[in-house]
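In the two assemblies presented below, chain A is common to both, partnered first by chain B and then by chain C.
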Partner chain A sequence: MTFGDLLILLVSVGLLLFASLAVWQTNDTRPDRLVIASGGKIVSELDIHQDQVVEIDGLLGVSELEIRDGRARFRDSPCSNRQCILRGWVSESGDTVICLPNRISATITGVDTYYDAVNF
Partner chain B sequence: MMQKLEASRDDVRIAALAVLAITLHVMEGAFPSPLPGIKPGISNIITVVVLCQAGWEWAVWITILRVLVGSVVLGTFLSPTFVLSLSGACGALIALGVGSVFSRRIPILKLGPLGYSVLASGAHIGAQFLVAYMLFIPHIGLLKLIPLFGGAALVFGALNGMISVKVVQYLNK
Partner chain C sequence: MKWRYLRNFIRVLAWSACSVLAACSSPEAPVKQQFYSFGTIVEVSLWNVQPAHAEEVLKQLQEDMDYMHETWHAWHNGPVSRLNSLLPHGKPFSVAPSVLPLIEQSKVLYQKSNGLFNPAIGGLITLWGFAQDEPPLGPPPTENEIKAFVDNLPTMDDLEIDGISIHSKNPRLQLNFGAYAKGYAVDMLMQRMREMGVTNGIINAGGDLRAIGSKGGKPWRIAIRHPQGQGVLAFVEIQGDESVFTSGNYERFFTYEDRRYHHILDPRTGYPAKGSTSVTVIHTNAAEADAAATAIFVAGPGHWQATAAAMGMTQVMVVDEALAIEMTPAMARRVQFPADPPPQVQIREPS
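For the complex of A and B:
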């Protein structure tokens, strides 16, 4: 084995490692902000790390959204079946809670978006 | 009036070596493969040995003949498989050509069969990815397979290279 052979082997291994890291790195889905929309328009953009309860006006009335420990949920809503509240807490970038009767949605954003390949 | 084509000694030698490469190529087609596209590429041993013993032009002849005749024998001639096979072979030959020029001009970069084999297998899979991306699957998801196929190319390239070293040693004994 000559020096050239060794060089080619080392460069190949290096390229392979680089390609593996570049292609297979996991996404950064840490939550950053909560984007709230009512009736299709964005009405509020909040820091997900600041605990608070916000009241959002919707089609039927006022929905309460709670932010705590980097997670978000519907706490109260004037809709009848309460699917939005039953959805519970969401915590990853790309996750969304929606109250369809009240036309309110809240989406968590971040660096990368978590891709739900099962449900989408 | 018929013109008679004379086959020179070199023509006959190239044909014989090409037959050897085609045999390995077709044999390999019968091997089961864990993933379509991952295969040992043992006929590359012939290319590398010929490159070391007889030069780049011979290697080009034998490789192109091997791809053409091998695809006819396996029934993939002019199919997507053939396009990928040919583009891989062309990529490998270009890399070998550049490699052999460097090997001759710069003494410290002198290459042996092992280096040529790894170089060829890497260029082979690289050219195939390029062509597959441009012609067949222009989707970014294809790139996720690069580490897998690149790793297989490196391992098989190194194994073929070791075999080539032994063959060249045997021929020069």
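For the complex of A and C:
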């Protein structure tokens, strides 16, 4: 192998590493949207950075979800034990709030989610 | 000579470009779908599965889960409720083949847990009002009612099995597989998923999760919920084939006269188990992890190590009522805390 061969090999490997890193580093886990499902079906996808309160129909009645400062929570729900409200705010992509009795879930997503699932 | 360099350069560059394009063309996000079964929202994530096939897999998993839910349900009409209606008579009868494996494996796990995992206390769960679809409102059972139950505590040893024939030596024995059936179901679903050709995916039934493979070579990152609703307490990265199970006293409870009563009952006292807020275990088998998480929760902080060792659990995290954390060395090597500074952790060997 000549010096030229070695130089080409090194430059090529460098290019490959640079390109691969560029691909792997495109994972953007910043919170982006709030995906709301009722009865397992997606009913709404909202911008997590746009403050608002939305009403979602569930099995028992209407639940209120609040989005504020890039976070989300259940503000009100017709369930009896209010666990969904006690759960408080979620802010990481991949994190979820659920109202089991009303069968509503809201999951924060990003271009790439930080958490693939939440154990609760 | 120059042409040779140029040719080689173009060749390597083309190879690099192909590699990068191949990486780019792999799916960027898993296919996710939710359905409601077993009293919880079940979320299935599939990686690198064609959309049409993913739809077929998800439909099949939901059908299977619904079938298992009804089959093993303690108070809905089905094989287990039929079993419970016949057990008090004390005479042998034929048990449904779909329930027998759960009974047999529960007997083994009951022994290993030294009685802390005890699906024979269905009567106690009913007494507390947790054997119904809606959360109970109270009041809690009286001291006398609880004492009467615990003084003649039904156990899995009271069940005698001969082939498909079964009878109970204790007329108060009622089966409730609430601390086991969901884990068993997750194992069955994972087997079905593999049979349908899926090699990378997660089945998450609330606190009952099993994952196989990876996310395009990267591990699955699983968050563990903070017991007091403050986002994520910790997370672990898993790859290959592992189950992550969390049992918490925040899942089902009722408040009566300003006192909170949760659903994980201590068979020794008849009351909700004291000391723990949540227990997380990582293990291969989901059904065993489910039973162990309950037994370790009941054993409580400072006392769980023997139960963990007897049930073969090496990766355990226990959060107590004051939110102090104890865990095994094997768990400590994997768990990560997003909070800064991270919480204080006491390391305890299973023994």
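Miscellaneous remarks
In this text, the second predicted complex is superposed on the first by the 87 of 120 C-alpha atoms of A that agree within 3 Å, B and C clash if a C-alpha of one lies under 4 Å from a C-alpha of the other, contacts with A are read in each partner's own complex, and residues count from 1 in each chain.
As a working rule, a residue touches a chain if its C-beta (ideal position, glycine included) is under 8 Å from a C-beta of that chain, and two chains touch if they have at least 3 such contacts.
Being a predicted model, the structure only gives us computed values, none of them experimental.
Using the contact criterion defined above for the overlaid structures, shared-chain residue A:10 touches neither chain B nor chain C, since it reaches no partner.
Looking at the superposed arrangement, the partner reaching more residues of chain A, out of chain B and chain C, is C. Of the two partner chains placed around the shared chain by superposition, chain C is the only one that A:40 touches, whereas chain B remains out of contact. By the touch criterion defined above, A:62 lies against neither chain B nor chain C after alignment on the C-alpha atoms of chain A.
Looking at the shared chain after the overlay, A:53 reaches neither chain B nor chain C.
Shared contact residues on chain A (touching chain B in one structure, chain C in the other): 4-5, 8-9, 12, 15-16, 19-20, 23-24. By the touch rule above, chain B contacts chain A in their complex via residues 99, 102-103, 108-112, 114-115, 118-119, 122, 143-144, 146-147, 150-151, 154, 157-158, 161, 165. Of all residues in chain A, only 1-9, 12-13, 15-16, 19-20, 23-24 touch chain B in the complex they form.
The touching residues of chain C, when paired with chain A in their complex, are 1, 5, 8-9, 12-13, 15-17, 19-20, 23-24, 28-30, 33-36, 39-41, 43, 45, 134-135, 137, 202, 204, 206-207, 209, 211, 215, 220-225, 229-232, 235, 244-246, 248, 250-254, 280, 338. Interface of chain A with chain C (complex): residues 4-5, 8-9, 11-12, 15-16, 19-20, 22-24, 37, 39-40, 80-81, 83, 86-92, 94-95, 98, 100-101, 103, 105, 111-120.
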